[in-house]
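Two complexes, one shared chain (chain A), two partners (chain B, chain C).
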Partner chain A sequence: MKNIGRKIAKFFSDIGNAVVKGDIFVKLSLLIMGAGYFGRKQYIKGIITTIFQAAAALFTVIVAIPYISKFSTLGTVEREMVFNIDTMKNEVNNYDHSFKILLFGMIGIIAIVVFVFLYLWNIIKVRELQILSQRGKHINSFREDVRALLNQKFHITLLFFPFLGITLFTIIPLLVMIMVAFTNYDQNHMPPSSLFTWVGFNNFKQLFTSTISVTFGYSFTKILIWTLIWAFFATFTTYIGGILLAMLINDKKTKAKKLWRTLFIIAIAVPQFVTLLLVRNFFADLGIVNTICSKIGLTDFLKTIGLVKDSLTYIPFLSDPNWAKVMIILINMWIGIPYLMLIATGVLMNIPADLKESAKIDGANGIQIFFKITMPYMLFVTGPYLVTSFVANINNFNVIYLLTQDVFVTHNQYLANSNAKETDLLVTWLYRLTQEYYNYKMASVIGIVVFIICATFTLFAFNSMIKGDKEEEFQ
Partner chain B sequence: MNKLNSIIRHAFLTFLAIIWLIPIIWLVCTSLSGYPGINISKFFPDTWTLNNYKLLLWDVDTVSQFPRWFMNTLTIAIFSCMISSSFVLMVSYAMSCMRFNMRKPLMNLMVILNLFPGFLSMIAVYFILKSFNLTNSHIGLILIYSGSSGLGYLVAKGFFDTVPVPLREAAKLEGASEAKVFLKIVLPLSRPIIVYTVISSFLAPWMDFIFAKIILNSGISSDWTVSIGLYSMLEKTLINSYFARFCAGGVLISIPISILFIIMQKFYVEGITGGSVKG
Partner chain C sequence: MRKKLLTALLSATLIVASLTGCGNKGNDSADTTEKANQTEAASQTETEAPAELENVKLTVWGSEEDQSMLQTMIEGFKEAYADKAVFDISLGVESESTAKDTVLTDIESAADVFAFADDQLNELVSAGALQPISINTDAVIEACGGAESGSVQAATADGTLYAYPMTADNGYFMFYNKEYFSETDVQSFDKMMEVAANAGKKVTMKMDDGWYLYSFFKGAGLNLGLAEDGVNNVCDWNATDGKYSGVDVTEALLNIAKNPGFVSLADEAFVTGVQDGSIIAGVNGTWNATVAKETWGENYAATKLPTYTLAGDQVQMSSFAGYKLIGVNAYSDNAGYAMLLGEWLTNYDNQVLRFETRGLGPANVEAAASESVQSDPAIAALAQQSQYATVQRVGGNYWSPAETFGAIIVAGNEKGTDLQKLVDNMVEGIVAPIQ
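What follows is the complex of A and B.
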């Protein structure tokens, strides 16, 4: 932190220095950004900079200012039909579109901050040029400047477009959605027909409170608990299953290793939406598995031990909350274990053979070798992967959505009131809130909460991993 | 004793393999079934026919437009593959092999951005695209798949970290510029990671379901990609006449995807394990 403060202080003292000690061209460049370059005969750079300045000014005045001026209220003029005397027709008035104000206001503010920064930075650069020319040093021609972009400054060329994409498609949208969490943008406040406005922390309060009509607090706790249970089981069942399967296949005594591996890979090579939709029909209430189960008497057996309600004639694999949760985790093992098997195969082959040999000579048996050597090594190498896959499972949309959408209906009135289901993860709930109920404000709040959970977990996990530093142990 | 052990071991593996392959076998069998809906009483179809494939490929109706969807997805995949693989390689090379002031802050920023649920930003992206009239267009979808692809640079960075530094230094001493080092020296050595990046970004549009569903929401089925098209065949009113065709479509796209996937998985493992060993 201290470092950043020092850098900012230096930045501003440089500017002050440049303005005070600069010659006429530097001072002129306060007005026309290109002036400093014209003074050193860098004409093309001067022209480009001046054109940029003009474009920035135009953008600010024409696009940014009108939106930013309405940013504090998010619009006041509601859309309505007004009778136009000139055309003798009813016409739409010049209404405010709250979301556009939010979006373009945000883009405008970011753009202006960037412009101001470039303007100030330009002064420093121009002053540096002045010093160079006073000392009689070489000043780059335009061609040399361009060539530098392929050499010392190649990273700028490499990163410019990717980061432009990230800014446009991730950073700005995320900032806008974080803003939405503080507004009342929902089904009753949908632009363009009506306006929405700032409401402070009301939505966050709503997420943690529960009344008879508004049940977000209740649903949130339930879904959060299930999300964490799911993420835990989804990560560890596939992890352990994958390692065991890899060890089984890679064992010396197993024949035709490649054949086995390929068989399991085929299962995950088919796109998930095909296999998951298929499995969903496989286990449907009136599906083929239920037919087989009732034929062999499994349905009746489960009824007698009380796992299936007496009123049902089928096993509710994906329609009863508890059955569905177990099935989802099992089906996820089906998808995840081959992946982990692949990764574990790669890692297991890398375990230093002498480590195992010396353990054997010391008299360790298979189980001891597994727990003392194989597992610690696996955990060390795949630790970061384990953390990221836990986070990925918290955000695992496909499995839950494709297995339960249109099939699972909740009978819990409290959950239904807040558009949630027992099997929902926070992300599928978020998705349904936006796509089916247009409740953008609550969806944004949930998104922020998901981020906080993932960020806390990641920080915590990586910190404790670094503390238990085992780097030398296996090198 | 040893022999018994070996039999048990292989029997167990066979059992597991059967579990893993049952859905795939069911997919193939149903796609060859003479009955168009779901056969819930028998695993194997009563009559075998290639009719579903014929209907899917040559008999286009309002619900099933498989050839169209396939071409749509192929175009989207090719363009987004070109853009995203170059973005990924550019970002990962810069982060791995070049040293500049903003390197650490930018890498931290990307870690943070990756922690937000992906489609939280989708709602705002949707409105941005809408204001440029790009929703319900394939260009919009290409931009979504490739726009922020730079964020997925980690695996490729792990690979570039392993390219020996002296190699680059020597080239620079002989007067090669950074761009030349990247294009003429490092890239030709990086065939595995290029294959991995290209295939994985080519596969993304084939596997994706949600983004396509959000952007192509007009209900005009000739605009769709394979995934939403096939999903639509399973709607309650359609499933009884289209389930077998859904399976045929599933088989048809699974064949090329599986082949690419099997080529890719070799590099996937190297990328994931290789990167973390070096810390």
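What follows is the complex of A and C.
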């Protein structure tokens, strides 16, 4: 932090310095950005810089200012139209589009900040040129500048487009979506026909409160708990299952290793949503698994031991909350274990054989070797993977949504009143809110909360689990 | 060596596949440019003759099954209005049941003219997506049987007509197998369940679905509808003061749900049930008529919904009347011609054509009165039911609470929740303001 502060201070003192001590060209470049380059005979650079300045000024006046001026209200004029029978067209007033104001206002603000920074930075650069020329040192021609970008400064050339891409496609959309959480953008306020506006932290308050009719708070707590339980089990069942499977296949006594491995990889090769939808049908209340279970008497057996209610003629695999939760975790194991098997196979092969052999000579049995050598080694190598897969499971949309959509109906009226189900993760709930109920503001709030949870967990886990010095500890 | 060969082969197929993929695309684009040239040539010849004609570009969305029929209708439209403008009309696929979602995602880039189911009307209107019909409005209303007729009501919000009624067959009614039921049997739900139970078969209706659940509550005289804002609901299904209370209806529902002759099934299960013979009657819509017709053959019959036992009385079940409509995008650049096209697609001739090619029941009164339409059992049943049916006007917060309520009933209220509490909770959810 100190470093950044120092850099900012230096940046501004440089500017001050340049303005005070600069010659006429440096001072002129306060007005026309290219002036400093013209003064040092860098004409092409001067022209480019001046064109840039003109373009930036035009963009600011024509595009940015109109949107930014409405940014504080997100628009005040609603759309009105009158049909004109003579022209056969609608006559529409000059209405405000809240979402465009939000989006372009945001882009405008970012662009202006960048312009201002470049403008200030330009002064420093021009001053540097002045010093060079005063000392009689060589000043680059345009061609030399371009060559420098391909050689010494190649990293700048190389990173320019990725940086631009990330700003355009990641940072700006992200900022806009975060902004939506502070507006009332929902079904009652949908642009282009109606306007939405800022509401501060109201939506966040709503997420954490529950009234009789609006049960967001209640549903949020329930869903959050299940999301964490799910993420824990989904991560560790597949992890341990994958390692055990890989060890089993790698074992010297196992015959036809390649066959087994291929069979499990076929499970990966089939697109996940196809398998999930098929499995959903298998386990439906009147599906094939239920038919088999009732034929072999499993349904009746489960009834006698009380796992299935007497009133049912089937096993509610995916229609009872508790059954569904267990089934989802089990089905996820079936889908996830082959992936882990692949990773684990690679890691297991890398465990130095001498470690195991010396352990054997010392009289350790298989279980001891597993817990003292294999597992620590695996955990060390796959630690980062575990963390990311936990976070990925918090956001594991496919498995939950495809297995429960249209099949699972909640019997909990409070959950139903906020369009949630017992088996929902925060992401699937978010999806339903946006896709079926156009509740963009609440979805955005939930998105932010999910991000905070994931970020906190990741930071915590990476810091405590995989510090840089662990490698030595392991050896 | 063999492996290398295999890899080479695989990559070769991949490359060939991708090349042919591109090749096809190339052909396609060649085709379209050719077509474009043709139309251009055509339009040139057209434009040369009279004074300058306006170029009008329109997009139409209709369901996948309707595409070729719609194309015929569009060609007819182009001919009929050839003296008014030069049309460039493109046709896209969008199911009537999902039109609202697609349109509301980005109204400005949605089609100028699109077909949708009438339950989406109020959300489309409150989002400002529909153009009020302002050309030949009175004639359109007249053709559908006047302002009071169901199809016009279904296309109207706040006294303004917002869409052209296209079909009047999107509601539900009772299918039954004449082998088991007489015409008097199907007058009463209790009798039907009794017959089915005796035969070891089932009568079905999807109870954990707001769409069907409505028929019991509305039949009992309880109300559900849109609030004045057009988005939220008003609902008195937990009333205790009327002739029948919400608890009465709930008890009646519980009795039906536990009857051995009844089962609550979703659409797909209904189809399998009919095919394997376990289902001999059920409440469903025209979309499953073909299956029942094919399976039951001569014995296939359809009629209005029966009465059910409510607090000792026999009460006629109500229903949602379903219509399919054609709407015009309020953001269309050519709203006028879009309206003319919408009207064209739903005029008498095209409604008859729609019935003849796709078997869809016309909303146009004259077309619906024809003998061939009247002799279709499903459409006749819908007509019988129509006097008890109401137009579907409910906000988005209705479905989820009603579904859960229905699911609790189907499971027999296992937790033994107080029935008043059960309806109270549901109504709380239904009337919860969208915020």
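Quick notes on this one:
Keep this in mind: the second predicted complex is superposed on the first by the 458 of 475 C-alpha atoms of A that agree within 3 Å, B and C clash if a C-alpha of one lies under 4 Å from a C-alpha of the other, contacts with A are read in each partner's own complex, and residues count from 1 in each chain.
To be clear about the criterion, a contact is a pair of C-beta atoms (placed from the backbone, for glycine too) under 8 Å apart; a residue touches a chain by one contact, two chains touch by 3 or more.
Keep in mind the model is a prediction, meaning the values are calculated, not measured.
The wider contact with chain A, measured as residues touched, comes from B rather than the other of chain B and chain C. By the touch criterion stated above, A:8 is placed in contact with neither chain B nor chain C. In the superposition on chain A, contact is made by A:334 with chain B only, not with chain C. By the touch criterion stated above, A:450 is placed in contact with chain B alone, chain C being left untouched. In the superposed pair of complexes, A:435 makes contact with chain B and with chain C alike. In the superposition on chain A, A:375 contacts neither chain B nor chain C. Of the two partner chains, chain B and chain C are each touched by A:286. Contacts of A:413 after superposition: chain C is touched, whereas chain B is not reached. With both structures placed on the common chain, the touch criterion links A:139 to neither chain B nor chain C. Look at A:114: by the touch rule set out above, it reaches neither chain B nor chain C. Shared contact residues on chain A (touching chain B in one structure, chain C in the other): 286, 406, 435. Within the complex, the chain A residues that touch chain C are 79, 81, 83, 85, 87-90, 184, 186-188, 190, 192-194, 206, 212-214, 286, 309, 311, 406, 409-417, 419, 435-439. Against chain A, in their complex, chain C makes its touches with residues 101, 104, 107-108, 123, 126-129, 131-132, 134-135, 208, 229, 231, 266, 269, 272, 330-337, 396, 400-401, 403-408, 411-412, 414, 422, 425-426, 428-429, 431-435. Only residues 99-100, 103, 147, 150-152, 154-155, 157-159, 161-163, 165-166, 168-174, 176-177, 180, 245, 248-249, 251, 253-255, 260, 262-275, 277-279, 281-282, 284, 286-288, 290-292, 334, 338, 342-343, 345-347, 350, 381-385, 391, 395, 397-398, 401-402, 406, 426-427, 430-431, 434-435, 440, 443-444, 447, 450-451, 454-455, 458, 471 of chain A touch chain B when the two sit together in their complex.
Residue ranges on chain B touching chain A, taken from their complex, read 2, 5-6, 9-10, 12-13, 16-17, 19-21, 23-24, 26-27, 38-43, 87, 90-91, 93-94, 98, 100, 103, 106, 110-113, 115-125, 127-128, 131, 143-144, 146-151, 177-180, 182, 206-207, 209-210, 214, 227, 230-231, 234-236, 239, 243, 246-247, 250, 253-254, 257-258, 261-262, 265, 268-270, 272-273, 276-277, 279.
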